[in-house]
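In what follows, a single structure is set out as structure tokens and then discussed.
Chain IDs A, B and C follow the sequence of writing; residue 1 opens each chain.
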Amino acid sequence: MIYRRSPAATALQYTALFALMFFLAFPLLWMLSTSFKGPRELVALIPSLIPVNPTIDNYFTAFREQDLVRSATNSLQLSLGSALLTVLVALPAAYGLARHASVLRRFTMSWILVSQIFPLILIIIPLFLILKTLHLLDSLAGLLVVYLVWSLPFTLWMLQSYVKAIPIELEEAASIDGAGRARILRTIVLPLLAPGLVVAALFAFISAWNEFFFALVVLQSAELHTLPLTLARFIGSEGVVRLGPLAAASFIATLPSLVFFSFIQRHLRSGLLTGGVKG
Amino acid sequence: MERTRVSMRHVQHSPMLLLLPALVPVIAFSVLPLAEGIYLGFTDAKAGLSVDLAPTFFDNYIRLLSNDLFWQSFQIGIIWAVTTTFLQYALGLSLALLLEQRLHFLWLARTLALVPWATPPVIVAIMWKLVYQPDIGLLNQSLRGVGIPVGELNWLADFNTAFPAVIVVGAWAGMAQTTVALVAGLKGIPVELHEAAASDGATAWQRFTHITWPQLRPVTDAIVSLNFIWNFNSFGLVYVLTEGGPGGKTMVPALFAYNEGFKYGHFGYAAAMGNVMVIVVLILLYVYLRRGRRGVE
Amino acid sequence: MNKRFRASIAMLVVAALAAACGATSPGTGASPAGSAAATVAAPITLQFASFAWQKATVDAHNKIVADWNAKNPNITVKIVTVDVNSVHDKLLTTFQGGTAADIVHDESADIGGFAGQGFLADLSSLIPGDLKADIPQGIWDTVTFNKKIAGVPTILQTYSVFVNKKMLADAKVELPTAASPWTWDKFAQVAKQLTTTDRYGVGWGLKSPAATVMSMSLNFNGNFFYNEGGKNVVKFGTAEQQVLKRIYDLAYTDKSLSPTTLGQSGPDILPGFFAGKYAMIVGGNYVAQQMVEQAPAGFDWAMLPLLKGDSQAQSANPQTLSIAAQSKNPKEAMQFIAFYMQSQNLASVAIGDWLIPVSTSAGKAVTTITGGKNSWDVNVASTPSLRLAPFQTLDAYPQWKSQIAQPAFQQYFANKIDLATVGTQLTEGWTKVGGK
């Protein structure tokens, strides 16, 4: 967009932008700073942003003690799997929902609402019993299915509204020109949906990456533990926290989501936050 | 026209097939447990090894009517959800609008916008706890630095500040998703509308109120509704920050129901609270969306 | 064709079985011999859900399990790690779902509920005689619900006073001895004496005050709960008011206790203690471990003998090892627990957590290993003061504690309500939560 701004407006915009950026970023700064502090410096009454006696012990501790690598690998598998699966399942479903008003549509929308409002914690035990019946407890596959279902309400809702925004005339026109179904979807619908798919994938990835409670109850074996379970072990009873190692581990835990985002941002030039749909 | 109808009929008979991959897991792992959860609300279910449960119909709800602690927490929950949702939207929209401007450092801002989302929730809560600490907390240190006499205000334990302090954390944590959704909405507004308005001499503010705001309406409705639901239903953050204290000031209903079900083992009674929450939130959403004259979808 | 068909069916069956075995938690006893384990040598696996989290304790647990596995090739113990803040949720879900670990690590205050719900095996007939005799009956009482022993107690927490020795020496305050501990009056007097313009005598992290108040109120026989005609009622008499009132007075009358700290958690006030903002702090004895790890070089601290009112009594809320009712191998599980409870083993666990071992023999072992240094002599000496409080075995107590007592005490310590209102809330609250 090419509108002139007064210098004052520009200054104002930058001020707001930097203020928001700081507000958003300070945990990263905090984690980075804390992760390089020793236990004694962490209880200093006047903490400094830049560690006085920087140490990388926390990183060693985090890696050595709590199987950070293994749990990060588990989390990465789950998150990538969940992102992929969610998009694959949600895409046709969202298209079907948006293009065909039907009983199914009403059913799905009510399910989306109720599933989001009813306190999740209260369905944990029924869900647990179903997983047990299907022999899906204590397995990443079981958790993956749960994450898929857990991401669907948001992704379906978002995606079907994107599909609706694509004028049906475009598809009809292509159909008149003799294009097949598959081709219409591939050449017309899919490119226009790309930004929405990015949001869906991102949502599924981050939800799975951060999720704690399902993982807690579903996984038993330490070999299968995910990152949030591992992070929680740095937190003791009655508010005792091993801040240094926790910060180090958290910093490492935050990066993959940001990297994943940068990755899809770069590879989908028409992506949501970079390019944009031509209106 | 004739041919179009034919081709659209072709489209008609596939919805079941398109939805099938989603429906199967959704029914098995969400609809079934949900149905059971809702049903439990009409029984006397309790935690226990092979405990029988009996339907009690509306007994739980009659008991719930006189549970003043629950209604107190319900009130807190509404305030919490409304203010948090509002703040998330206001901050998210500001950021989204800025991201659409031509400014430097936007690449950085775009990545940073995701930080609250990418940070594991456990860490979010612990970090903010440290920010709010009375003596070594970042907030009090900064306020003292600029000469505001806060003394040793303990934000999360003071009866006046605890609730607002928790709301700020909630807003921070939910801001990223809101921003992403709103940016998507802004992208969807045809550039031509802005160009036409600009050539008519409309100011930036006029373009915002006449084009951006109304065009963004569907996305606003969707994200505000979802945020409201999520906020009303979330308790992890509050649990770690205050455990509902001080003096019950931050006891949100989801936390209340969680305690009732998991800590005290009253599954049926807790599920009844869940059902009440569903009804009330649906009514509130209906009112909100009706007022906006547009459907959720 | 037929052959291939049959082969693939067989493979499917095998795969399904494998999946079933893999998914069914071994905790439910994957042994083919099932519960006939008393017979010889069918190898079994026991799952041990542990919430140990301090590094030294985790190491101690790992070592005990490794030693056991080396000696008992047929009874393999496998640790299931649960983070300490999620113990209850994890246990409840797995109990309810029938996949619980055989041996579960929890605490007395939590297992009462699980015992009532039928999830825990009655250990009365399983506990070996020498183990039974090694632990005071008062401690066994804290894990006995409806005459059934729901867990074996392991290590104990106390609420203790820690002092900055240099500040006390500068003010010429003598440290108390185990033979003549400080009374609450003496404590208040010292707190006042140590308060100056730039420091408080005491810091006390009472963000969640209920556990501390209920436990320490036993100092003045403040039982809160009384059985009247077979029904439990809450009373808030002078005995119950003592500790609350005394803490309040320190903060608001004497102004020798930093009111800010009343809203902080125990570990949160350590930076202030290290920096000299408070001469003394009160907290769980486990805080000592934090002191060792975090105190600045040259910071000289000590943990004092328990404060005394009418007595030094505090309520004992030991950590516990229980056996799931669903476990197919309770006998073997108890064998492991008995091994865990051997004095050297229990001592190593206690030292890691800076908590007191419940058994007399492990107490001695701790004293020997630590040489009584870093206040360990004082720590072990508090065992006889720890006993069962009347409320500990009441079904509705946990709910009353968190829904009623916690907010009431918080309001009182924030100077929002008076003592009479606390009393009303506590007594009426018991009816609200359906206490019987």
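Everything below uses one rule, namely that a contact is a pair of C-beta atoms (placed from the backbone, for glycine too) under 8 Å apart; a residue touches a chain by one contact, two chains touch by 3 or more.
Values in this document were obtained by computation on a predicted structure and should not be read as measured data.
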From chain B, the most remote chain by mean C-alpha position: C
Chain pair showing more contacts of the two, A-C and B-C: A-C
Cα-centroid distance, chain A relative to chain B, in whole angstrom: 15
Centroid distance [mean C-alpha coordinates] between chain C and chain B, Å: 36
Residue list for chain B, restricted to those that touch at least two other chains: 135-136, 262
Contacts with 2+ other chains: residues of chain A: 43-45, 125, 232, 235, 241
Junction residues of chain C - those touching two or more other chains: 89, 96, 207-208, 268, 271-272, 277
Residue ranges of chain C in contact with chain B within the complex: 88-89, 92, 95-96, 113, 117-119, 207-208, 258, 260, 262-264, 268, 271-272, 277, 325-326, 398-399, 402-403, 406-408, 410-411, 414, 416, 432
Complex contacts: residues of chain B adjacent to chain A: 3-4, 7-8, 10-12, 14-19, 21-23, 25-26, 28-34, 36-38, 40, 91, 94-95, 98-103, 105, 108-124, 126-127, 130, 135-136, 138, 141, 172, 175-177, 180-181, 183-184, 187-194, 198, 204, 218-219, 222, 226, 229-230, 232-233, 236, 254, 257-258, 261-262, 267, 270-271, 273-275, 277-278, 281-282, 285, 296-297
Chain A residues within the chain C interface of the complex: 39-40, 42-45, 65, 124-125, 128-129, 132, 135-139, 142, 213, 216-217, 220-222, 225, 229, 232-233, 235-241
Touching residues (chain side chain A, partner chain B) in the complex: 1-3, 5, 9-10, 13-14, 16-17, 20-21, 23-28, 30-31, 43-47, 88-90, 92-93, 95-97, 99-100, 102, 104, 108-109, 111, 113-123, 125-127, 130-131, 134, 145-146, 148-150, 152, 154, 156-158, 160-162, 164-165, 172, 175-176, 181, 195-196, 199, 202-203, 206, 209-210, 212, 227-228, 231-232, 235, 241, 246, 250, 253-254, 257-258, 261-262, 265, 272-274, 276-279
Contact set on chain C toward chain A in their complex: 19-20, 22-25, 27, 47, 53-55, 58, 79-86, 89-90, 93-94, 96-99, 101, 207-208, 265-268, 270-272, 274-275, 277, 284, 286, 290, 293-297
